[in-house]
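These are the structures, in structure tokens.
Same chain, two partners: chain A is paired with chain B first, then with chain C.
Up next, the complex of A and B:
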């Protein structure tokens, strides 16, 4: 690559952090009209720049072999360097983040139906947009960091804006949910801080390129284990891995739509990405010895996540919980990767991406249901398909993608993490794969249960759980909250703009996963071979 | 080149047309009709052309004896390449023409049948997609493509069974169909995973390199999926309920798609699936049970569509049982062909009758031979073929299966002989029952005098046309030399699929079958002719139990549904009170500790106090670790 293109690439790279950061600073000062323009330009620029980073990509020769990187001294006293870059493992997540933020921005600035009752929320939109951009800066920072201290700084930076989004724009029980999110994932950050400091002081460097050299950071066995346990706990809370997940359903259920989207679509990925980027190549020995445990926890997450979803009575909460199971599949892939499977790592990366796209799609759609029907209780959604056929069809698509229909994005990660587990010639791993396959059928059952309510015509809902029926809000409760005319209001331009790209990505990833897989193949091979 | 194009277009064209159709607005009915019928028709022509070529008449495409593979790499997971392979060979071309022709008949029939349905546009698109998914199964030569078609078909059947928004039973039936088949697909998915992991490839041609143990385990897994899709015991329970879907959909599901997919997969992969005696015997037993269960339930139900659904369970049992006694795959496939023709005919006829009468209960029919003469004649041909009356098509196909079972039972020892005995026993026992219920259907629907309120009459030509078109193969498929050609082709195509001798020349079996048919029919007639009462009363107190399918639903509920739901409830309770309870407890403790440090009420103050507490914690922990590592 010539010097000039490299310079342009570096400008683009830095701009993906600087532009959203500037937007976050400027937006609260803007009037609504100006804010819309600023937000639109910022998100489109970041999306385009993220996409453009693909130019000049090359197969990785080592675990961290970035396509483009910037390495500046920052806080010398802390040995903190501003070292960022993208490679085949981080670029898809960078693009995902920019895409989801763009979708959120579309949703916020084009999705409002001009209802006079929403004037108050309109006035606060610039602030919400600002928080979304702050979040984007932090999230992109995590994915692009090539310095573990910088990684931690960005990781920690995601907390405050997300807390504010939930606490400021959430549902009726938003404050306790936001606080739970902050404290719980804050605890994770704390553990991460300790782990990172321990790692840096033991290895003598914070540079990921050096830390990820073949054989790992060269730490002693016990130091590796100590760091690994700390990092694993930190990332397991974020991902979240059962039983450290209970902050998630509350946060999701209370968060506004864009909050849920970014939470499920990107924030959870920080956990799985951290495991893949920080633990596998840096602490290979510890990862290998803990692989079976991680696998067992992942399978427990898959099964329990599926069962809990089957017993949910509320659509948004069900989708929130479905993340536990889906991330369980991702972590099963990571666990197999820790045991030495390239297939597992590829499956985890792809599953990560697919979950980000599909669950975000579902959260957008559920948000649309909630805006119109006032409630996402399953029993209150009866008859939705008859009134809003397009929304119901999209929900059906999202559900089908989420339970992993082959030919849609969700399938590859799940099937191949099972395959990777099965390939560990060991009866326990084979049991993991079998249990995961059984749980995958329960996933189908709970999504179809939800769709069953949407497509029912009857006004007398019955449930497989009889005790749930009396709790259903009668039609009058929610028609008071929302004017009757909104029940059948078609999807707005903003909603469609947010949803259609995600549908397309789901289809493309499903039919042709090879594009993404080939980008990460080199780094994956290096991580696995470097670990053995 | 042209061959590869055909290989791509066979599944590609209907999938594309279905996808486009889904995007059409609800109002553009004409465009939907045009798109669905023309795409299905084109594919039918294409498939027929390929089949004719494969059978050796033209030799234009060059399919004959040399399968054409069209492959593209979807992606590589580490060392494992996922390559989609579409294969055009004699088998796929023949089955594809069957699928496309029945689908065409169903599409044409649907125009009139759903004339007043405001959701016709998505319906037609889903039907096209359904056809495309089945054709993808038929064309696939690797497990991933197969799985894609397989599950896509499950999804389309779900959408189509749940089509009727006014029928309160439809959403539940649709869900049941998808969930029950998906339970079987746990095994199918695992089978795919096992073979992929064991053979290092998903290509059909390379699966044999997996170890024998893997093949056996994967065989059981794939078999579970097949039992789900082909509605075999104990995963048959979705099929009778699926009658809540529109009748043309039933016609397609029960003949050339869905249930046929299971048969086709065994035909394609019999070297893997049936590689061990354990799988072979399991399949023989399960199919034997399904043959009898389906026949008995069909003989005792009152609902016309449910009777036909149960008879599908029984007939699919014959096909799958056929694979366990016959090493060439042609005889069971031949039964799939004849069954597809007469079962599609019967369902379309039933749809016409149900529309005319306004009910699907046979108790409200009767005497329709006068008001619907053409339908009556077509139905007689279909029922005759189903019963196995010579010389209709069903006689030849079912007879050859029983003859093969006979040969296996008498000449083979060990597992194969045992399988033969099971199949022969169940299969022969079901012959008179089948004849009984076939005559019962005709007598209750078309015989005697009319018992319902409406004034039925024969439907329009858009309905009768497909009926008549399907009657032709129903009558003639046994007589045309297709069977011989198919056999010759297999024999020539050689070792790939284990071709061998076809019909054992046993003269006794057809005679025995024929007399059993007469016996069953005579029983039905003698019970009916005096007072025109339902001959099913011969079953006495067992009738409601048999009509219910021997408590299949209740058992499924007690053994699977209830335990899973109980586990779900428990998981939720443990999760909310146990896991989250512990978290909240810790949270409360922390909060009270934080309260001591800071009296701040704003979130920011709390965060700061929390961070401060955390910082102290960090320092302590670091000291601790430093102490350990030093």
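Up next, the complex of A and C:
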């Protein structure tokens, strides 16, 4: 690649962080009309720049072999350098983040037409957009960091905007949910701080390319274990891994639609990405010796997530809990990878992407249901398919993709993580795979149950609307003036713009997972060979 | 100054040379204070503005003279000659008042902080809610004490300077809400006088045992006589001296005066208490701990570490339960001081080479804390009517709608106190302390800091939420603010808040200069050990 092209690529790389950050700063000052234009330009630019980073990709020769990188001094006293780059492992997630943020922006700026939202919530949209862009900066920063201290700084940067999104725009119980999110994940990221500083102090460098050289950072066994425990706790809270998941259902349920989407679609990935990027290559010994534990926790998460979902009567909460199970599959893949399975790592990477796309799709759709019907109680959703066939069909598609129908995105990650576990000849790993397979069946069951309610025709059509629909506690989303007026309202342009790209990506990932796998193959091989 | 005491030990009396250049900032401040007092008596028209201008000019002048005349080189005054003590130990020459890079840098910082505090006081003074003349005079006197404290190199000068710093503040606290102010000021006064008495007892015991009061000489005597029969008395004396200064710093278990005083004091005075007063207290502790007792750090360190952890824990937990803003910030300052002291607690257990790094991280934290806490107090000043104190948490309700800019500044400051990015200043402050602890191998202290930081998230998150509460008072109690805030007094305060916020933001993006300065200050302090 010529010097000129490289320079352009580096400008694009930096712009994926700078443009959203600037947008986040400028947006609160804008009127709604200007804010829409600014937000649209910023998210499209970032999406295009993220996509363009693919140009010049090359097979990785080591665990961290970035296609493009920028390395600037920042704070020498903390050994913190502004060192960012993308490679086959981070690029898909970078693109996913930019795509989801773009979908959220579409949803926010095209989704609300004049009479739907009150003046008050309209007025606050620029602020919400600003927080979304702040989140985007933080999340892209985490994925692109090649310096572990910088990784921590961006990891921590996700807290404040997400807290504000939940606390400012959430459902009726948003405050406790937001506080729980802040404290729980705040603890996680501060534990990460200790882990990272310990690592840097022991290894003498914060550069991820050096730290993840073959054989790890060359730490003593006990230092490795200490750092590993701290990092594992931090990432397990974020991912979230059972039994550290209890912040998730409340946060997801109370968050506004865009909050849930970014939370499930990207923020959870920070945990699994951290495990893949930091713990596996940097602390291979510790990871190997703790693989069985990680696997057990992952299987527990899968089973418990599935069982809890089966007991849910509310759609949004069910999808929130389903994340626990799905991330369980991703972590099962990571656990197998820690034990030396290349397939496991690839399954984890694919599962990450698939869950990000599919769960975001589901949250958008459930948000649409909630906007129209005021409630997402399963019993209240009876008859949805009759009234809103398109929405119901999309929900059906999302559910089917989520439980892992072959040829859709969800299938590969889950199937291959089970395969990877099975291939560890150890009897325990085979038990994990078996239990996970059984739990996968339960996942099918609870999604089908939800679909059953949605598509069920009401016995007494007149009963269904609007008296039977429970009023939303705060009538902000349910217009009282025209009772039932919104029930059958078709999807708005914003909702369609947000949803359609996700449907397409689900299909593409489902039929052509090789495209993504080939990008990360080199790095995956290097991580696994370095680990074993 | 008082070194004749130590000289008497060697039966030598000579007149001491006075380096007036070293004392120049003190002269400027004293002159400004007297000018303020006179102006208050004789000027009637535009008095408040003249007084404020004089005070600001005085502290700016002190900063400038410190930079230009005193300079960054080392100067010393009131020196005692080398001598042989009755105990047979030879001590080198030592001076009571020294200026060097550390004193100059911190003097400049303190003077700038006082200018900011003056700007924040404009609404209070211009409404004649507090007597402007006395207010400015006392503020300058207290600053004078703080600057003198930085250069003090013997126990007695240090104690007198510390008194100079705190005495005017009792009255400043009482200038607030009439009754509560006086009650709190009385508590503050009583506790403070007792703590000074304790320090003095400790100092006299030390003098009785060692025969010297200069830090340098104390350190030499301690090194020369590693073990002796008087060790018990010596430790008792050190503990007493230190306890006295920890009172001023308001660390656990000597903290009880702080929350009440913060709550009762006018907001700018509370801001002064959290900034200048804390810097003074920290310097006093550092001078005693590092300067005089350097060789006994191994015994003192763990005690300080435990106190620091207790401070942050108790401060944060108590702050969680507060319903009044200033009181909450008072508890929070106790907690924050814990983070500042933690690295000093590690001093004893780590090697000499790391001393300056640990000191530097402690000072960096304090430096970041200074600007951030000024943002918070500044935003509070803007959000309240001139006569008001910090008010209750529920009074913050609706501020987001009423005055979004003030609210943004407040949230910015709170995020900084919590250590959350995007206020990187707060994040780096936490990181530098954690780094120094981990490099020194004190993982358990790092874990304690982290757990406390999580509680801190809840403390400041709660205040942030209060800003967005939609209370019934939102429309009913549009206090006089809305009409008064636009007026001139608030313009200066708002400019000050803006300046401090921008400083915080810039320090977050470019923290290197602060780290460098703190490192140099720490190294020049650490030379006391050599």
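Keep in mind that, in the parts below, the second predicted complex is superposed on the first by the 506 of 532 C-alpha atoms of A that agree within 3 Å, B and C clash if a C-alpha of one lies under 4 Å from a C-alpha of the other, contacts with A are read in each partner's own complex, and residues count from 1 in each chain.
We take it that a residue touches a chain if its C-beta (ideal position, glycine included) is under 8 Å from a C-beta of that chain, and two chains touch if they have at least 3 such contacts.
It should be emphasised that the depicted structure is a prediction, and the values quoted were computed from it without experimental measurement.
Novice: Look at the residues of chain A and decide whether chain B or chain C touches more of them.
Specialist: Counted on chain A, the partner with more touching residues turns out to be B.
Novice: In the overlay, answer first, second, both or neither for which of chain B and chain C A:153 touches.
Specialist: second
Novice: Which partner does A:212 reach: the first (chain B), the second (chain C), both, or neither?
Specialist: Neither partner.
Novice: Can A:134 be said to touch chain B (first), chain C (second), both, or neither?
Specialist: second
Novice: In the superposed arrangement, does A:434 touch chain B (first), chain C (second), both or neither?
Specialist: Touch status of A:434: first partner only.
Novice: Can A:179 be said to touch chain B (first), chain C (second), both, or neither?
Specialist: Touch status of A:179: both partners.
Novice: Considering only the touch criterion stated at the top, classify A:308 as touching first (chain B), second (chain C), both, or neither.
Specialist: In the superposition, A:308 touches chain B alone.
Novice: Is A:442 in contact with chain B, with chain C, with both, or with neither (first, second, both, neither)?
Specialist: After superposition on chain A, A:442 lies in contact with chain B alone.
Novice: After the superposition on A, what does A:194 contact: first (chain B), second (chain C), both or neither?
Specialist: Both partners, chain B and chain C.
Novice: If we overlay the two complexes on their shared chain A, which of chain B and chain C does A:514 touch? Say first, second, both or neither.
Specialist: first
Novice: Which residues form the common part of the chain A surface touched by chain B and by chain C?
Specialist: The answer is residues 160, 163, 167, 175, 178-179, 182-183, 186-187, 190, 193-194, 197-198, 226 of chain A.
Novice: Where on chain B is chain A touching in the complex?
Specialist: That would be residues 26, 73-80, 82, 122, 144, 147-148, 150-152, 155, 158-159, 162, 165-166, 168, 171-172, 174-175, 178-179, 182-183, 185-186, 189-190, 192-194, 196-197, 561, 564-565, 567-572, 575, 579-580, 583, 587, 590, 603, 606-607, 610-611, 614, 617-618, 621-622, 625, 628-629 of chain B.
Novice: If we count contacts the way the header does, which residues on chain C are in touch with chain A in the complex?
Specialist: Against chain A, chain C makes touches at 364, 415, 420-422, 424, 427-428, 430-432, 434-435, 438-439, 443, 446-447, 450-451, 453-454, 457-458, 461-462, 464-465, 468, 511-512, 515, 519.
Novice: Where on chain A does chain B make contact in their complex?
Specialist: These residues of chain A touch chain B: 160, 163, 167, 175, 178-180, 182-184, 186-187, 190, 193-194, 197-198, 202, 220, 222-223, 226, 242-243, 246-247, 304, 307-308, 310-312, 341-343, 345-347, 385-386, 389, 393, 396, 400, 405-407, 412, 415-416, 418-419, 422-423, 433-434, 437-438, 440-442, 444-445, 448-449, 451-452, 455-458, 464-465, 511-518, 521, 524-525, 528.
Novice: If we count contacts the way the header does, which residues on chain A are in touch with chain C in the complex?
Specialist: 75-78, 80, 134, 138, 149, 153-154, 156-157, 159-160, 163, 167-168, 175, 178-179, 182-183, 186-187, 190-191, 193-194, 197-198, 201, 226
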